[in-house]
Amino acid sequence: ARKADDAPAATQAKDAGKLNIYIWSAYLPKEVIDKFSAQTGIQVNFDVYDSNEALLEKLQSGVADYDLVVPSDYMVKILVAEKLIQPIDHAKLPNIANLDPRFLDKKFDPKNQYSLPYFWGTTGFGYNKAKLGTLDSWQAIFDPKNKGRILMLDDMREVFGATLKSMGKSLNETDPAVLKQAADLLKKQKKLVATYNSGDFANILAAGDVDIAHGYNGQLAEVVAKEPEKLAYVVPKEGATLWMDNVCLPAKARNVENAYKFLNYIMEAEVNAEIVNGVSYASANVPAKKFISPEILNDPSIYPSDEVIGRCEFLEDIGDTTTLLDEYWTEIKAQ
Amino acid sequence: MSSTEFSVEIDHVSKHFGNFVAVDDVSLTVRRGEFFSLLGPSGCGKTTLLRMIGGFEIPTSGAIRVNGVDMTEVPVHKRPINMVFQAYALFPHLTVAENISFGFRYKNYPHAEYEQRIDKAVALVRMGGFEARYPSQLSGGQRQRVALARALALEPQVLLLDEPLGALDQKLRKEVQVELKNLQRKLGITFVFVTHDQEEALTMSDRIAVMNAGRVEQLDSSSQVFEYPQTEFVAQFMGASNFFSATVRGIAEGFLSLAMPDGDTFTVPDPGRVAAGESVRFVVRPEKLDLRSRDLSSHGIPSMAVTIEDRVYQGVSTVWVVTSSTGERFVIYEQNEKPFEERGKFAVGGTAYLCWSPRHTVLIRPEPAEIPPAAAASPLPHQAGAAPDA
Amino acid sequence: MSSTEFSVEIDHVSKHFGNFVAVDDVSLTVRRGEFFSLLGPSGCGKTTLLRMIGGFEIPTSGAIRVNGVDMTEVPVHKRPINMVFQAYALFPHLTVAENISFGFRYKNYPHAEYEQRIDKAVALVRMGGFEARYPSQLSGGQRQRVALARALALEPQVLLLDEPLGALDQKLRKEVQVELKNLQRKLGITFVFVTHDQEEALTMSDRIAVMNAGRVEQLDSSSQVFEYPQTEFVAQFMGASNFFSATVRGIAEGFLSLAMPDGDTFTVPDPGRVAAGESVRFVVRPEKLDLRSRDLSSHGIPSMAVTIEDRVYQGVSTVWVVTSSTGERFVIYEQNEKPFEERGKFAVGGTAYLCWSPRHTVLIRPEPAEIPPAAAASPLPHQAGAAPDA
Amino acid sequence: MNLPAESPRVDLVPRPVGRLAPVPRPARPVSWERRLLATHSLLVYLFLYVPIVILILYSFNRSKQTAAWEGFTFNWYLRLFHNDLILRAVKNSLVVATITTVLATIIGTLAALALARGKFRGKGSTQAALYMPIIIPEIVIGAALVTFFGVVEMRLGLTTVVIAHVAFCISYVAIVVRARLAGFDRSLEEAANDLGAGPWDTFRRVTLPIILPGIVAGALLVFTISIDDYVITSFVAGVGATTLPIQIYSMLKVGVTPEVNAVSTLLLLLTVVLIAIAQRVQQEPTPKGGTKK
Amino acid sequence: MPEENRRRGVIAYLQVLPTWMVLGIFFVLPLVIMLVISFGQRGTYGGLKPIEDLWAYVSAGGFLANYRRSIEPLYLSIYWRSLWMAVVTTLLCLVVSYPIAYYIAVVAPARFKNLLLGLVVIPFWTSFLIRTYAWMLILRTEGLLNSVLLGAGVTDQPLNLLYTDFAVMIGLVYGELPFMILPLYASLEKLDLGLLEASLDLGANKVATFFRVTVPLTMPGIVAGIILVFIPSIGQFVVSDLLGGAKSILAGNLIQNQFAIARNKPFGAAIAFELTAVVLVLLFAYAMYTKRKGQEVLL
């Protein structure tokens, strides 16, 4: 503040001309940023991360100068609890009205005090339709017929989530007995698994190395779209994970005003559609749908029906139960 | 194994390093149980020749046989040869005892004998008490002795020694020389020995090869090489630096009559390769020259008037340096003070007569015209190219 | 810089390696421009002493001054000293010329002179034509010469030479010796020289220190050390291995009258440290002994009946080995065939009389009782501990 | 990039050290063990390069998926040239790796010298400290460092990345150079001292050329580690400091495209060109055996 | 003597000063923070649980809870497997690397040495991830290796290579090779060939010479290589996840998971420090051993 006093407007203008975004790679087409910069004169810096935990670590350090970050659902809750993000002033964002109410006011951030939805999707599995016929249940990943042809995400919560769902339980179950049951199931299931993989699952499925690939809808949608005859993506009938990445303002953000400008900008219908068209992930913007290309909009693996969304659930932070789950996970892997 | 008379046969062996000819068409044989020495100026190819016998260097051309077996295909470790390296090549990670016993297992010595054999080798080179030291903790001479002990302990059929005693003091060197000779007699080892110490070569060797610029200049029994050098190079190298010119007056009954430039004549045994009227060069060893106050030429003893230039005390002997009227320089050794011999003392700057016994006159082959060093590579047989160091 | 008379002063210097005493309380001074040699058996501490002067080894105790300046605080590269290392220490990554010119910049030689100075140094050691070679491409003697040239080229005030000519043949060695002497005269360099070649030491040195087991046994002018060894060790080390016992009959007018065990008496100059009735030991150098067929004792010349055991041809001289009736062994050098001297030839196995001139009788200090090697570490002043090698 | 032959004065491969064995061997009949060694080496190089060939091949694959070959295209290269993010990441990576290599090599070499020669108090703890970066899992280092930067209020950026890399690369240099220094012939340094060279000149003119292979090996390792480090970097990188590995890992969420293959291919190409030039320039003054008139 | 010693000491201090400045500030201090953290308890959201009564916490031994947990049999079996993998990797690396390092350092013509050395590391200037993907392409059932094997008639069935221990070993050895080859090279490059000649001369054949002379003389390089390969191998996990199908858990995963998934930094740090302590003790034991044998301590 003192600096602002004796430093003349020039510095301020320069400071005001910046925006540091920290986001998943390929979540924001370059053209969108370029246009924003052209319109406002704000210089956008753009860094990428690969996990929510990396983001958490960065914000916890307090020395990362980001103005806008995109954590996933459960991480929002943690960031709020850790006081690492600041409340969003809805009044500054007229375009907030464009947002789909289905994706607002969720448990991890009631009333969207701290976050606004950016992309969302599901975690189901892709499979070789030509070989296995149509599948609609998690039972497929427990079916001994598929031994050695199953890929599971290398992600404790997602794997337990799928199992719990197949048992008719909640993703966020914390009852140790239930979790123990799930762990036992998974220990048996491990023999069927060819590989646990969270990065390359869609390619491995497309290559034919496995017949079933547990995974996020985005990449799977892409390979399914390429070979619709052979491959399919399904959100099993027992239910699955609904995930959502959200924009937030770090508590220590320095260019808050610019961040608001940017937030408002990307919630404009046309801009939002451009983002969706560029990345092929579903956004929560209603008027944008008009501008989204039909292949994307009509792809059920990207924009599933309300019914499908209805049977999905968000992953939430389960607090200290995480430790128990981690121990089970270790046991499963170590056996 | 063949039972040829020869232990080592070297057959037209040459060794080139790039353009440089280190060993040039050398042929020689070493007899079984012989003590054979290689002499020659620094850089003349002695080490290279030894290394080829040992198998560390492949001859560019020619063949080497040991006990009648062609060694070309025989790997180093299968040759019945051991070498004492000029730079010792001690294993830095092993103690003295471990260095010495390194090769025992390949000789199939029983384990029980190891200690005793180490003791024996160590005693031979007077290194008792140092068995547990590492080479880095030894003095130069001590390292050399360990290198020697290591090779001796294996009692090979052929032992190559590259200046194995060069870093030892004279007393110790004499002791070790005696030990080496004993060992040779006892075990019948063939020695091929490189040394710069002429006395050592003469006392130890059966035969000596004098090398120059990659070639063998003369190969003879040790006293022959010393007393009857065949070339000016050998003469000079062996320390016989007194060269004279004369003309052959006549040849009769196995004797030559030689005339010195000043007209003195004397007769010497005919070596059989000169004709009357020819001009020849001969050499007389310094210890065989004498200084006299009178001209003895009337007695058939060659005498030459000289000026005394210098006298140098050398411990056992004194060296006189004199010049003739034509400016030639001669060197005379005089053993210091034999008792009861009274002789005219000569002062530096004074004059005297240089005399010698005609039987100590050694005719030498005429030296070829100066050849540039590169010619060391030329295939002129048995001619001395100038040593690179000369 | 101080202008003391002394170039190098060594003041009660000792060096311990762990428990081992390599140099034991040595004090000596080397004069400015002097040619000073260190002699001694292998492992006696010569290299260690040189290395301490050079600054490569820190004395365990004692001080070293060069030109009057205490060197303790002076780092190696600031000392006005250069050293020729026993193991050469040539830089493997530099050519001969680069090795030689390595130190030029620190001497602030102008760049233009480099080539000329390299040429000069190379010519001095007869290494012309090898300037572009790497050390790995040189023979042993050639490496040694480069090491020498490298130190000489810097023309230091003090030059330490650790067996700098040991790997050279005699002819070349003599040439280089002459060059070294010239250089010393021209530049006034102080030489501290280690050699195993006694002739070299005697001809080159002004003074010689003979070391034994880390101590200086005798420090004298070169001829004194040779002709008048003070201890049995020095005598033996200098090749004077003929020891006799006698009893002092009487002392008169600066002369001792000595009686041999067989009753012969003769007189020698009194060295001034014996009393009548005492039994003494003396030594006679081998070249000063003579073999006669008659007993000359009646002429006041000590004669001893001996049996001839061996004769060994050594080139310049012949060595006779004889034993007395009490089994003592003596060695006689006889220069080979001086002309015109007729003398009774003796056959091996025959008998003769061993004679010498009384003035060649050298009384020596009594040897202390045999000390075990460990005692080399004991602080007995000026007593020769047995060398570990002895 | 840190290629051999950067240093103009000294040859990276010093000539054979004073061995008795003359080094340039004659054309001796190639012995079986030499042939075996050569064959083995060839196989190892094959092993090293097969994946690289595949990687290059797939930079020309029309399909975005790596599994199937769908025909040849330059498309990924074109896209790469328009992908500011990747290009900037490449630049960051090269900058970080180069600076890290220089700093870590210097510091590590100094440490190795001290450890090999010096007897000083704290030698043991220095050694322990040097082993730590290798022993401790990167994620722990990364987390610790980012916490530390937070405590001392050091803004995350390229500087912090370089600091982190230097801190954990010093060890690699120190260990390799230390190994090279073992059994170093001290008399060569003594000779240099003796000839008037002070400590620095002795190091520069004698020690350095002789231990250079060790330093080069260490530097190559550092560059290799630094240019491809992901875990630690992901913790300590700040605004504008995204490096190539971070960029690539973050692409996992939406799928890694062959642009990455294209970038790697171009880097390889650049390296090979530089090495080829270095090889030409270096053209060792091969020790020519006595060319005497 | 003390004077010179002091001077050498000062030089040594100057030489390690930069190391300590960097390592001390940017390594040791952060790790001290981590060490403190390892005595704490996981907070609900990943941070540390606040401790109300420090004295009670310490006296009750609560600060050791993580360390106690980390030596439960479940975890011990993981360490054991990690250790075993690291040992195998290191040995394989050594066996593969020594000949090629020897070739580059001793046999190859001097002017190719740099080139050959460069060629060893250049593959690793590409992204680890896509390098590993390339390996997956090679090892998969329809991959390159299987087609070569089928083509050569070695097998008539495609082999199951990917997601096996074999694949993991290949990947590990591949990734660690330069860390073995380079130190070995640095050490072999100064090998005195004269000593090999001496050994042959004394009757040792080439194999015996290798084990009795070459190996002891290049021990510094071997030790350095082993350290640089073995230690990181204990903590590795990405290769085994990708090529081995992530079907087992190694010490590396365990720590990674605590930091990244379970958000249990204290536990993760505790395991890491335990591992560190064990390795340091091993190294120290080795140093003592060589010292006892009177050899140069190579660490």
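Think of it as A, B, C, D and E in the order they're written, each chain with its own count starting at 1.
Here is the rule we go by: a contact is a pair of C-beta atoms (placed from the backbone, for glycine too) under 8 Å apart; a residue touches a chain by one contact, two chains touch by 3 or more.
Note that the structure is predicted; figures quoted are calculated from it, not measured.
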By C-alpha centroid distance to the whole-protein centroid, which chain wins? D
If you count the contact pairs for each chain pair, which pair has the most? D-E
How many Å are there between the centre of chain B and the centre of chain C, using C-alpha atoms for each centre? 24
Taking the mean of the CA coordinates per chain, how far is chain C from chain D in Å? 55
Return the residues of chain B touching two or more other chains; collapse runs of consecutive numbers into ranges. 17, 56, 85-87, 89, 92, 373, 388
Return the residues of chain D touching two or more other chains; collapse runs of consecutive numbers into ranges. 15-17, 19-24, 66-67, 143, 147, 183, 199, 210, 249, 252, 256, 288-293
Chain E: which residues touch two or more other chains? 5, 129, 133, 192, 194, 197, 206, 217, 219, 259-260
Chain B touches which residues of chain C in the complex? 17, 39-43, 46-48, 86-87, 126-127, 129-130, 137-142, 145, 162-163, 166-173, 196-199, 202-203, 223, 226, 236-239, 285-288, 290, 301, 312-317, 333-341, 355-357, 360, 373, 388-390
Residue ranges of chain A touching chain D (in the complex, touch as defined): 20, 24-27, 30, 45-50, 54, 57-58, 60-66, 198-200, 202-204, 206-209, 216, 218-219, 222-223, 226, 279, 281
Going by the contact rule set out above, which residues of chain E touch chain D in the complex? 5, 8-9, 11-13, 15-16, 18-20, 22-24, 26-31, 33-34, 37, 96-97, 99-100, 102-105, 107, 110-111, 113-131, 133-135, 137-138, 144, 174, 177-179, 182-183, 185-187, 189-190, 192-194, 197, 206, 217, 219-221, 223-224, 227-228, 231-232, 235, 252, 255-256, 259-260, 265, 268-269, 272, 275-276, 279-280, 283, 296, 298-299
Interface residues, chain C side, partner chain D - complex: 54-56, 75-77, 81-83, 85, 87-93, 102-103, 105-107, 129-130, 132-137, 150-151, 154
Note: in the complex, chain D contacts chain C through residues 10-11, 14-19, 21-24, 185, 187-188, 190-199, 201-202, 205-206, 209-210, 287-293
